[in-house]
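Everything on this sheet refers to the single structure shown next.
We call the chains A, B, C and D, going by the order they appear; numbering starts again at 1 in every chain.
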Amino acid sequence: MIRLFATHRILLPVVSLAVLLAATFYMQPRAMSYFGVNLLFNLAVPIALATVAQMMIIMVNDIDLSLGAFVSLVACVTATFLHDTPVLGVAILAGLIVAYAGIGALIHRFDLPAIVVTLGMSFVWGGLAVMILPSPGGAAPTWLRSLMTVKPPLLPMAVVAAILIAGLTHLLIMRSGIGTVLRGVGGNATSVVRAGWPVLRLKAGAYGLAGFFGVLSGMALVGLTTAADANIALRYTLLSIAGVILGGGEFVGGRVSAVGAVIGALTLALAASFLSFMRLSPDWQIGAQGAILILVLTARLIFTRRDKEQS
Amino acid sequence: MQSAFQNGTPIVALNHAEKHFGAVRALDGVSLSIAPGECIGLVGHNGAGKSTLVNLINGGLAPTGGSVTFPASGESRALSAGVRSVFQELSLCPNLSVAENLRISHSDLKGAGWRKKARAEIIQSLDAVFPDHGIGADTSVDRLTIAERQMVEIAIGFAPRGRDARLVILDEPTSSLDAGIAQQLLAHIRQFCADGGAVIFISHMMGEIFDVASNIIVMKDGKIVANKPTSQFSRASLVEAMGHVGVKNSKAAVRRQASDFGEEVLKSKDGLTARRGEIIGLAGLAGHGQAEALARLYFSNTSSWRMGKASNMVFVAGDRGRDGVLPLWSILRNMTVSILPQTARRGLVDRDAEKRTAADWKTRIGIRTDDVDNPILSLSGGNQQKVLFARALASHASIIIMDDPMRGVDVGTKQDVYDMIQTEAATGRTFLWYSTETEEVCQCDRVFVFRDGKISAELTGDDITEDRILEASFEMQEASA
Amino acid sequence: DTSGKRIALSNNYAGNSWRQAMLHSWEDVAETAVAAGTVAAADAFTTSENQATEQAAQIQNMILQGYDAIVVNAASPTALNGAVKEACDAGLVVVSFDGIVTEPCAWRIAVDFQEMGRLQVEYLAGRIPDGGKLLEIRGLAGVFVDDEISAGIHKGIEEFPQFEIAGAVHGDWAQDVAQKAVAGLLPSLPDVVGVVTQGGDGYGAAQAFKAAGRDTPLIVLGNRQDEMAWWSEQHADNGYETMSLSIAPGVASLSFWVAQQILDGAEVPKDLSVPFLKVTQDTLDTTLEGTPEGSVATIDYSLDDAKGVIAGAM
Amino acid sequence: MPIVKFILSRTWIWSWVAAAGAFMMVMALTQGRGASELAYAALSFGAFAAIVGLGQMLVITLGPGNVDLSIPATMTLAGTLALKTMGSDPNTAILGFTVAIGVGILAGMMNFALIYLLRLPPIIATLAASLIFQSIAIWSNRGLRIKPPEGLADFATGRTFGLPNVALVGLGLSILVWIVLERTVFGRWLLAAGQNLRAARLAGIPVEFVRATTYITVAVFASIAGFFLSSFSGGAALNMGQEYLLTSIAVVVIGGTSIAGGMSNVPGVWGASLFMFLVVSMLNSYGLGAGVRMMLTGTIIIGIVIAASTRRTRA
């Protein structure tokens, strides 16, 4: 059993999510419906996208402290420019992705610590967001709103979206050739350089992908909330990091899992709901979120540790 | 082979190539050309410039002066000229599978179904070099032993990768392989050269060099001091060319008896025992649990919470990058890190005592540097290893654990270290010594042979021979066959 | 009859004394109302970070939990609209207060924050007819309340052009942040006659002026007990006089009763407004007495007050 | 000019250059008026950032992945509990300080217990612990702002020999940290563990002791900062430490400490702390809006890091 969990790292996040979901359904049977599941998970969709974005950065051994501010900025752009002047909006979003790639190149070129550069960028993104929307507002483009509230047959939107995101990023990162090389950069950049790869471009590519998923995250968020503000997603920075780790990723060494990251994001979203169903005293509601984070990660530890002892 | 050397257009040609690191002339005007079919054995003391030469050829370093060209292919980059390198430090991506690692080196492996092709290619190459390797193409590299990783890396070096390899450079490829696997590699190299490929083979093991090389190049202090067909060297003349004087023939002093040692000072759960003043060898095929047993022993006898003034046990790492070197520090700080509490007063480092110790050991163990305040990474691999030895020997610890510590150490230094170990043992220090080289193990007073993570034999006295060790290493396989 | 109905409070932030007083006020009213059988439950929920996304999820959970009404102090007037709409569609009553939401299906119990800003300048004009330079302390950038109060202040400046804003800093509604920001600006700030604020920042500003060795200008305060205690001290020392105003945290209890009335079938207009709580020199001593140490001046609203507010808006 | 070369090769110089630059920019605006006031304010407020920064620096020195995200919550908890214990009564300052230190020790032990016993990555462990600390702070005092005892408040806002007392406290702690890092065996152990934990353990260093001590130290430093900050600003608030999360990391890395671990830099932390205060003060003085101000702050931070790194590679 332990072997099984160790060789298939993805099993543990899956099982944690399933257990948490079962407990949630037990406490709140109303949630066990098409409608209920959608309510439980639809706000996890932008979190999942942000987590995938963070995963791209962690994959190349960096960490992105600006992601929350970036998603907020994207949300502001989406609710203003993309709504009012779609062409300009698309151009700005594309520009943001290019900027992200540029940051990756900058970090590699000057061998800068990503943690500081992204910390600095969080101020830059935040400043831009405040300039675009000094006060909350804007509106989601109609097509985006209908996309995020679509009601597909059988499975609710949130589940369909999660499966799509997980599947596509898995193909991109875990299966494709270029994804393999990108993970190689995280595993041993020297060997990738020696094999003749332009690591500068690879790094820019990884950051560009992060920017791309960050843009998707911000857009999905506005589609759900219908409007934006400059601070709307600041929390995504830490949530996305926690999501990658919950999903079986590691901070160094290019060990990430696309499916795991999406599941990690869903687990985090569900954990918060689970707690609110428990109706704790308001004093302890915040602390309980910390406790549940510890709990879920401890399960992961038990299996990885046993595995190490056995091998 | 001789004729190929004379005729073919060189794959690579160096013309007065130089490489300086600040004041250090790592490579001091080297001219050399390598033709198809040649198998060059490259030897030299630690820090002679072998790895630097290799890095100049494969493009990892740009020459400070002179030129490196690839006449046979007319290409300007080593990779496109068909030059492959297997590096001294392992350079696989541990998070990727064996097949995925091939993908990193083989950039043309694109499109749908590339995994299938990659799997086939790496397995084919592994089969060709190391029959019965037992490595799966989808195994993640971090689950392989160090020897298996080395094998994968060598196999990637020889794999077709879309364009056949013309020149494969192997920088100490056998340092973590056991004798049997190393023989398979040597056989493959011979075949590869016979088929028109060229190889540069770097090793500190003279036997291997004589076994495989058609030509031997001797380097010393950044220069080529000899470049002749192998047949024109004898063991003695080669060692002399490398500049080692007074290398004694390894017939050491008379074998010591059980009565020469003190009381039992160590008894591990794995069954390892040691007496005071004894040198214990750990042998067996690489990756059969020797290193792990030593690590366990060390971890369970030392604390990660307390450190007394006199720790009883010290560790000499063989895998320097992972287990030994503190890369940001100077040679001095690396050397003294374990002995600080011995001289400290009220928790403050005694910096004069530290300087004295470093200067003392620099000369005693012969570290090639002009200043112990230089960064540790400015030393060649073998010299870094000497620093780790000094770190352990300078301590007051009575038990010294050595995890294949001679990896990459040159012949002359090895001899110095052997002598030092003998002397220290005579003063009552106990050594536990794991080595992949049977020759080294044979110098021990008692030997434990490992198989499948367990001790399969304990040899003493005249039983300590290469044959008996090999026998114990394979015992179980024969029994089950 | 609402005895079977369940009401939830969705709160996005608990990190300052104002919010704690608000939660306290809710707890009081909830306890008595549940004990009296007026409603079946009145639970309070707070998210861990001041974030609209988390609060949107919280509201969605409340729908699943089967509450009949949600009373919400929103992190953003617009970013919760999606979740609020979902709640309305599921048949819940949504009442927003303090941080109100713009979604039309919800009720709003608003304070005229613009007026709160304008009134400060008006008060200063009364005290200092000659006018002069002012320092503006703002709240948290990008947040609705900050923008509104500031807009009101600027309106006031247009109305009383003898005043001019000589400098502005963001104090994030926290004394220590305000203190730091003001201290950093003071060396380059010309003499100012007054400080216009947003609440929770006046005491910090006063500290900064004191540390720089400058005369304390007329600082409009925000009803925090420590501010009022300082004011009272200053008054005793040197006759210092000012004004203090803020929204009363007790508005949570008003919102509770409004929600209860809507559930009870009462006709309630979508937009209600409450006056802000103003403390003047005359009311300072009594207000200070009634405010627990370290808390915020407040008033608790009863069912009758709620009926009055509703009737007033009809 | 060997001295110039020596100075330019120090990574910490850039934070000082930037701080001086921001200072000059303000002075350009005021034609030199208010120089001493600005310097005084920068020292006072910079001290808090420097104290938490020193702690964070030690943790970051432990190597990649080591960081304490619970600093703000620890500051708040220490400030809240200390002020509650003192309850504005005179002559309770020592008692309050003891409570704050106690909170720091316990918080650090809690953080390290999660890291060591549960093997959680420090980022996650300290994040989770900080949520728990926040709850305890809320539960213990319900957000009431209790005034510090007068004597303590006077000390926190007062000055000695013309320097702010809080800056002197910060300076004392800096000297202590500097001595530990440069001269003591423990400092060597810490730097070694930060370069390669496994190698350090194999060299006989009690690495878990080193890590535990470091995580407790950062929490104690946060507690000291929280204690003095709440005394300085007239009471503890639940959101008191919030801005010190990013600030504590920023001052460490802007100050030239390598996030790869194994290397520390005390003067840089001070340069960066002064800079972080002065840059906001400069942008405020020029009357820039919040958006522009944030953008410029971010850009300047990145600029300093690039300047420091290109210097390093050339040197």
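As a working rule, a residue touches a chain if its C-beta (ideal position, glycine included) is under 8 Å from a C-beta of that chain, and two chains touch if they have at least 3 such contacts.
By chain, with names taken from UniProt: A = Ribose transport system permease protein RbsC; B = Arabinose import ATP-binding protein AraG; D = Autoinducer 2 import system permease protein LsrD.
Source: prediction; values computed, not measured.
Common neighbours of subunit B and subunit C, listed by label, are A, D. Should one ask which of C-D and A-B has more C-beta pairs in contact, the pair is C-D.
Chain centres here are C-alpha means, and the one lying farthest from subunit C is B. If you average the CA atoms of subunit C and of subunit D, the two centres end up 32 Å from each other. Averaged C-alpha coordinates give centres for subunit B and subunit D that are 45 Å from one another. With centres defined as mean CA coordinates, subunit D is found 29 Å away from subunit A. For subunit D, the set of residues touching two or more other chains reads 131, 134, 138, 142, 290-291, 294.
Shown for subunit B are the residues that touch two or more other chains, of which there are none.
Touching of two or more other chains is recorded for residues 129-130, 134, 285-286, 289 of subunit A. Chain contacts here follow an irregular pattern that is not a line, a ring, a star or a complete set. Of all possible chain pairs, the ones that touch are A-B, A-C, A-D, B-D, C-D. Taken in their complex, subunit A has these residues touching subunit C: 28, 30-31, 36, 39-40, 42-43, 46-47, 129-130, 133-138, 221, 224-236, 269, 272-273, 276-277, 279, 282, 285-286, 289. If you check the complex, the residues on subunit A that touch subunit D are 65, 106, 110-113, 115-117, 119-131, 134, 238, 241-242, 245, 251-252, 283-291, 293-294, 297-298, 301, 304-305.
The residues of subunit D lying in touch with subunit C in their complex are 26, 29-30, 33-35, 37-38, 41-42, 44-45, 131, 134, 138, 142-147, 157, 229, 232-235, 237-240, 242-243, 277-278, 280-281, 284-285, 287, 290-291, 294. Put simply, subunit B touches subunit A in their complex at residues 58, 60, 77, 79, 85, 87, 91-96, 100-101, 103-105, 107, 109-111, 114-115, 143. Against subunit D, the residues of subunit C that register as touching in their complex are 14-17, 19-21, 24, 48, 138, 141-142, 167-170, 172, 174-177, 179-181, 183-189, 203-204, 207, 210-213, 224-226, 229, 292-295.
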